[in-house]
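In the two assemblies presented below, chain A is common to both, partnered first by chain B and then by chain C.
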Partner chain A sequence: MALYALIRAMPSNYVKQMTSGKPGVTDQLIEQLEKNYGLDSSIPEGYVKWAGNVIKGDFGTSFVYKQPVFKVINDKMWASFWLSFIALILELLIAIPLGIISATKQYSKTDYAITTFAFLGISLPSFFFAALLQKFFAMDLRIFPLQGMVTAREDYEGFRLLLDIGWHYCLPIIVFVVLGVGSLMRYTRTNMLEVLNSDFIRTARAKGLSEHKVIYKHAFRNTLIPIVTMVGGSLPGLFSGAIITEGIFAIDGLGYTALQALKFGDIPFLMGFNMFLAVLTLIGTLISDVLYAVVDPRVRLS
Partner chain B sequence: MKRKLALVLVALLVATTALSACGKNKDKDSTTTTTTKEQGEVKDKVESTGTLVIGTDQFNGVFSPFFATTAYDVEIADRVMGKYLISNDRLGAPIDGIAKYVAPEEVKDADGNITKTVYTFELIEGVKFSDGTPITADDILFTYKVFCDPTYDGSATIYTTPILGVQAYKYDDPNYEAAIAAIAEKVAAYAPTIEEITPIAQEWADDNAMPIEDFLPEGGYYAYTLDDATSRYKAQLEKEYIAGNLASGEVKVPEIEGIKKINDTTVEVTIDGVDPKAIWNLGGIQIAPAKYYGEGFKKGDLSMVKAKNDSPMGAGPYKFESYENNVITLVTNENYFLGQPVTAKMKYQVTATANKLDGVVRGDTDLSDPTASPEMIEQIDAAGMHYELLDNLGYGYIGINAQRINDLNVRKGLMHLMNRAPAVKSYYDDLATVIERPMSRVSWAYPEGATEYYGFDTAKALEYFLAAGYTQDGGKLMKDGKQLRVEVGIGGDGNMDHPSAPILTAMKIELEKLGGILDISDVDSSILFDRLDAGEWDMWVAAWQATIDPDMYQTYYSDGPSNHYKVNDARLDEVIVLARQTNDVSVRKELYTEALDIIMDQAVEMPVYQRMNLYVFNPNRIDIDTLPADMTAFYGWSMDIQTLQAK
Partner chain C sequence: MSVQNQTTVKPITPGQLILKRFLRNKLAIAGFAIIVGILLFVTVGLAVTPYGEYEIFYSEEINDKDVEITDPNQSVTGDNVEIYKKAKPNSRHLLGTDKDGRDVLTRLLHGGKVSLFIAFACILVELAIGVTLGGIAGYYGGWVDGLIMRLVDVINCIPSLPVMLIMSSIMIANQFPQKYKIYALIGIMSLLGWVGIARIVRGQILSLREQEFMVATEAVGLSTPRRIFKHLIPNVMPQLIVMATLGVGSVILTESALSYLGFGVPFPYASWGNMVNTVNDPIIMKNNLNMWVPPGVMILLTVMAFNFLGDGLRDAFDPKMKR
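On to the complex of A and B.
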C-alpha cells in the first residue's frame, strides 16, 4: 500500500511522459489516455483496484512493455539470473578460500595483499571497471566481445549458441566477481577469525589435531552458518539484475527493464516487480533456514 | 529443466532444418560472388544475400504499428510495416506511398468557403503483405478503426483530425454533437457562486503574490478567475459525459461516418473544413493486415491487436523473425512491392550508447547512431569510418511564461541577456547552428534569411527593465518594493549538462550585475515537464519535436493545449487559424513568417539551436554507394532500404 502510494506519487506519469514534447497533443486526448491507463482514479481507489485484481491472479499489463507483468519478468529474468548465478558461484569459490587463508594468516603479507585486492574490488565503480575491461579486452586485445549477448551477425543455434552466449558473458561476469568478491571475502575472514578464537578450537588444537583438520573441519563448518545466511539473502539479487552492468554490456535483463519502467512510471510493472522481489526474499530466507539444518546439526529438529 | 528441454528441441529443429536447407544454402553462396558487381542494373532479379547489423538502443519490445512508442521500437515497426499510405520526399512534401498521392479535393459552399475536404487513397497496384495476400480497402478501414477506438491508448493522434463522425465514434454516441452543444450551452450560462469562485481566486492570488480581492468579482483581474472557473466547469461536464457514455458497453456507432470504402483498393476520407496537416495524420499510417491483427475485432476491445505487439506483420521490406538475446532478426520480404531487398538479413543489436562507435569499428555492427559530438567525428575519421550528419527533426529553445512574467518589457529585457552562439558552439561545435525563429530549420516554413531578433546586449536589457518601471536602487532592480527575480527550469541531469546551460549561467551573472536575480533549477526532466504543464516556471529550457506540418495551433494559439508560453495575441491567433484554412503552401509560408515574427516580438520564446544527428557506417561492410543520395531529416538511410547492399 505504502509502495503503491509512493509509486503513484512520483512526479509525472506514463501518459505525460508519452505525450511531452509532442505538439499535436490535446488536453482531451491526455484525459482519455489517463482514463484508459487507470491513472484518473485516486491513490486509495487505484490501490484497491490493483489489489483486487492481484487476488484474482491478474497483475495487470505493463504500460511500457504492453504485456502481462509476469510475462515480462519471466522473459527477462533468466538472463539476469544466469549471469548473477555463475558470478555468485565464482565469488563463493574465490572468496571463501581467500577469506580462510587471510584469516589463518592474519596480519601476514598474504593477508594484506588479499585485503587490498578485496577493497579495490569493493571500491571500484562498476561503470568504470566495465569500461576499462571493454577498452582492454575488447578494443585492444580483441579476445572478448565488446558487449551484447550473442554475435548478432551469425545465426548460431544449439550448443554453438550456448558457447557464444558464454563467451559474451565473460566480461560482465568478471565485473560482477571482482566487485562482489571483496565483501564476501571480508565476511568470511571476520567470521573465521571469530571462530578461530573460540574455546572449541583451542580444545581441538589441544587434542592434537592437525592444523588442517582444525581449520577445515572444525572452524570452517562454523563459519558456514553466517555465509549461508548471506547467500540465502542474495536470492532476490540473483533475479533482480544489475542496472548499470546490464546497461553497459547491453544485456537484456531485469535490472535495465526495471529502470526503464521506473523512468516512465510503469505502475503495474513496478508493483509486480516488487511483489516478485518480496516473494523471493521470503523464499531466500526459507532456503537459508533449511540450509542451517544442513550445516549445523544443532538446529535440526528431533 | 525447461531450458534444457528447449535446448534439445532447438537442437533437433536445427538438425532437421539444416538437412532440408542444405541445397539452398549452396545456391546462395555461389550467387554472392557473382552478383555483387552488377547490382544496379538487375535489382529485381538479384537474390538477397548478406547480413547487416545495426547498433541500436534498447527496445521495449512493442513493435506494433499502433502502439510502438520509442524511436527504436518504431524503427522495427517501420521495417516490417513498410511505407506509409502517403510517403514524403526529401523536403517533406507528400508523394506516393503504398497509395497514390492525389491533392485533396475541397468542397466549397456558395460563398466559396471550404466546408469539407476529401482525401482519396487508392492503393498502388499489386501491393501485398509479406504473407502474399494483397492489401485491400478493408485493411485500411481496419487500421483507421483501431486508431480511433475508444480504448486506443497508443501515442498516435489521428483522432484529433476532424474526420466526419470521428468524435461520435470515439465517444460511441450518435448524438455526440448535440451532447457537446448542450454542454456548451450549460457552460455559456454558467454563473459561479461566490463559494465556487473563492478557492480559484485564492489560487490566482497565491500564484501571483497579489491580494485575493483583485481576483474576486469586484477586483481588476476578475476576468482571469472567471475564465479559469468556466473552463474547469466545462472540463468537469465533459468528463462526466465521457464516463457516462462509455460505461454502457453496447456499440451504438459501429462505423466512422467520414471514412468510406469506394472499391476494393480505394478509400475516401472526408474531414470537416480544412486541415492542411490532415494529409499526414490520415496518410502517415502503415496499413496493418486486418486478417492478422484483427481476428474477431470488436469495437472497444483491442486485446487481439495488442496480442500481436511482439510479432508485427505487414507490407514492409523485411519480415520479423525474432527478438532474442537483445538481437532482432529481420529477413527479406520476397513480396515487397519495390522488389525484394538485396540484403538478406537485417539484425539489430542492442548497444549501449557509449559503445555505438566502438561496435562499428570492431565490426560487430555495421551502422549505428552515436551521439553527435566534435570528438566523435574525430574518432570516426581516425577509424576510417563513413558518417552522415542529418538535421534533427526538432529544435531547442528557452521559453518564458507570459502570464508569470506579464510585462512585455521585462521579457524583452531577459531576451537581450541570452548569449546563444558561444553556448551552442562550445557544446556542439559545428554540429548545431543557432536558429533565429522558433521552428525547426528542416521545415519548409522556416523563413530562410531570418535575422537575429534579440542580440546579446546588456545595455538594451537594462533599458527595457527601466521601461518596465524598475529602478536601480542600491544596485538592485526594484519595482513596487520587490526585486526582479526569475526562476528558470532546466533538465541538465543535475550537473547542468545541457547545450543551453551556459546561456543561463552567463545570464545569471549579467542579471546580477544589473541588480536582478536568476534562480536556475536543474531538475529531472519529469519534474521539469510536470511543472511546465502546471504553468509553474517563469522560464524553462526544453526542445520541441518537429512535425512534418508546421501547424502552430497547439503551441501558440491562445487556447492551444500546449501553449506553455501563455502567449495571447489576437493577430497571432488570427494568423494561425488562417494558415490552417488553406492547403496552399506559399500562402501558408507567408502566414507562418508573420506568426514567427509575432512570437519573437512577444518575447515568449528564444529559439536556440538546430542540432544534427550522426550516423556512422562501416564502409568495409556496407556498399556506401547504395545509401540514398542527398539524405535529409525527412529522408534517412533507410528510405531506399531495398537497394542497400551489404559487402
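On to the complex of A and C.
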C-alpha cells in the first residue's frame, strides 16, 4: 500500500509525458485522458480501486504497452528467464567444482587464487564490468555485438534466429556468471569445510577409504543439500530480471521494461511488477523449504 | 623450574588468539592494507590537490593545438578559447579532464570521500536501528518480538532497487535540495538495510538470554538496559563487526549503482558511481578510458577490500576454526 502511494507520488505523470510538446492539446483533453487512466482520483481512492481489481484478478492495463499488465510481464519475463537460467547453469558448473577444490586444499595457493577470484566477482559493480566488456569485446575486438537482442535489419528465422540471440546473449551472460559465481563458490566452500570437519568423514578416513572416495562419495553429497535448496529457492528469481545489466545491454527483458516504466510513470505496470517480485520471493522461500525436506532424509515434514 | 614454566607457558587471551588468526590470513591483511591505502589516498589527495571539485579549465587553440590556459589572470573569453575538455592524462591533470573540463583525479578524490562517507554513515544508522530493534525483539520476545519481526519480513519483501529508484525520482521532482540528497540517500538505504542486522542480533540474544550468566545478572538485580547493552550486546559484537564490514562493501556497491543510474549522488557532486556513468556515451567509452576506468577500479578495490577484511574477521572470530 505504501508502495502504491510512493508510485502515485512519482513525478512522471504518463498523461503529461504523452501530451507535452504536442500543440492542440487542451486542458479539457488532459482532464479527459487523466480520467481514462484513473489518475484523477486521490491516492487512497486509487489504491482501493486497484486492490479491488487485483482481488478480481485484474492487474490493470499498462499505459505504455496498452496491454494487460499480466500479459506484458508474461511477454517480457522469458527473455530475462533464459538469460539468467543459462547463466545459473554455467555458474553451477564453475562454482561447485572450484568450491570443492578450494575447500579440500584449504589455505593453499589454489585456495587463495580461487577465493580472490570469487571476491573479485562479488565486488565488481555490474555496470562497470559490463562497460569494460563492451569496450574490449564489442568495440575493440568486434567479437560480440554491443547491445540488443537481435541484429537489426536481418530477418533471421528459426535456428539462425536462435543463434543470433545466443550471440547477443554472450556478453550479458558473462556478466551474470562472473558476478554470481563468487557467492555460490564461497557457499560451496563453507559447506564443504563444515562437512569435512564432521565425525563421519573422520570415520570414513579411518576405515581406509581413498581420499577421492571420501570427498566425492561421502562429503560431496552432504555438501549438495544446502546448495540444492539454495538453487531451488533462487529459481523463481530468475524471472525477475536484472535492471542494470539488462539496461546496459538493451535486453528487452523484465528489468529493462521496469526501468522504462519507471521513466514513463507506468503505474499499473510498476505495481504489477512489484507484486510479481514479492510473489516470486515467497515462492522461492517455499520451494527451498520443500526441497530441504525432499533432499535431506533427516528432515521430515510431520 | 617453576620460573621457567611460567615463561614458556604464556596464557593467550581470546583477543590475542583472534589477532593471531587474523594476522595469518593473507587476504584479510591485504584487504586491510587496501582500505588504509584508499583512506590515505583520499584524505592526503584532498589536502594536496590544487583544484576544486567543480573547477573548470579552459584551453586556447594555438597553431591547431589545444593548449591549456594556466595563467589564472588570463581572460577565458575569446574566439579560440574553449573548455579544456576530454584532455588526455598529462602532467597538470594526471587523469585528464572530463567532458566538462574538470580534473578527473580531483573528482575521483571527492567522489571517494562521498562514497566512503555514505557507506560508513549508512552502516552506522543500520547498526543503530538494527541493534536496538533486534535487541528489543530478542530480549522481550512475545508480541513485541512478533511485531518487530513482521516489520522485518515486510521490509525484506520490498524489492529495494525499484523502491529506491522511485523514491529518488520523487525527490528530484519535488525539487529536493541537492545538498541534502546525500543524507536522504543514507536514510533510505539504511531504512531498507537494517533488517539483516536486526535478525542476527535477535537470534543471538534469543539463545544468549537463556544462559546462566543472564540468570545471574537477573539475580544480581541489574537494570534491563544494563543487561542488554552491557551483557548481551558485547556477546553479539563479533557478528556485528563482521556484518558491518561486509555491509560497507555492499552499501558502496548499491550507492554506486544508484548513482550510475542517475538516481544517487546528484550532479555536480562527484561520486564514483556517477563518474562511471559517463560511459553511457559510446564515444567516451571508446576513447576516454581515463574518465571511467579509474572510478570503476576504485569501487572494485574498495568493495573487495571490505569483503576480504570481513571474511578474514569472520574466520578469526570463529572459535571452531582450526588452523
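Everything that follows uses one rule, which is that the second predicted complex is superposed on the first by the 252 of 302 C-alpha atoms of A that agree within 3 Å, B and C clash if a C-alpha of one lies under 4 Å from a C-alpha of the other, contacts with A are read in each partner's own complex, and residues count from 1 in each chain.
To be clear about the criterion, contacts are C-beta pairs under 8 Å (C-beta built on N, C-alpha and C of every residue); 3 or more make two chains touch, one makes a residue touch a chain.
Since the structure is predicted, the reported quantities are computational estimates derived from the model, not experimental observations.
Which of chain B and chain C touches more residues of chain A: that partner is B. Of the two partner chains placed by the overlay, only chain C lies in contact with A:273; chain B stays clear of it.
Residue contacts after overlaying the shared chain place A:116 against chain C, while chain B stays out of touching range.
By the touch criterion stated above, A:162 is placed in contact with chain B alone, chain C being left untouched. Within the superposed three-chain model, A:251 lies in touch with chain B and out of touch with chain C [touch as defined at top]. With both structures placed on the common chain, the touch criterion links A:139 to chain B and to chain C. In the superposition on chain A, contact is made by A:131 with both chain B and chain C. Contacts of A:243 after superposition on the shared chain: chain C is touched, whereas chain B is not. Common to the chain B and chain C interfaces on chain A are residues 10-12, 131, 134, 139, 146, 247. Within the complex, the chain A residues that touch chain B are 10-12, 16-29, 31-33, 35-37, 61, 64-67, 78-79, 131, 134, 138-139, 142, 145-153, 155, 157-159, 161-162, 165, 247-252, 256, 260, 263, 265.
On chain B, the positions that touch chain A within their shared complex are 3, 7, 10-11, 13-14, 51, 53, 58, 60-62, 64, 67, 69, 151-153, 155, 157, 159-160, 170, 235, 238-239, 242-243, 306, 309-310, 325-327, 329, 347-352, 354-355, 358-359, 361-362, 364-365, 524, 526-527, 529-530, 533, 542-545, 547, 551, 554-555, 561-562. Taken together, the chain C residues at the contact with chain A in this complex read 26-27, 157-159, 161-163, 165-167, 169-170, 172-174, 249, 253, 256-257, 260-261, 273, 276, 279, 282, 285-286, 289, 292-293, 296, 299-300, 303-304, 307-308, 311, 320, 322-323. If you check the complex, the residues on chain A that touch chain C are 3, 6-7, 9-12, 107, 112, 115-116, 119-120, 122-128, 131-132, 134-135, 139, 146, 197, 240, 243-244, 247, 258-259, 262, 270, 273-274, 277-278, 281-282.
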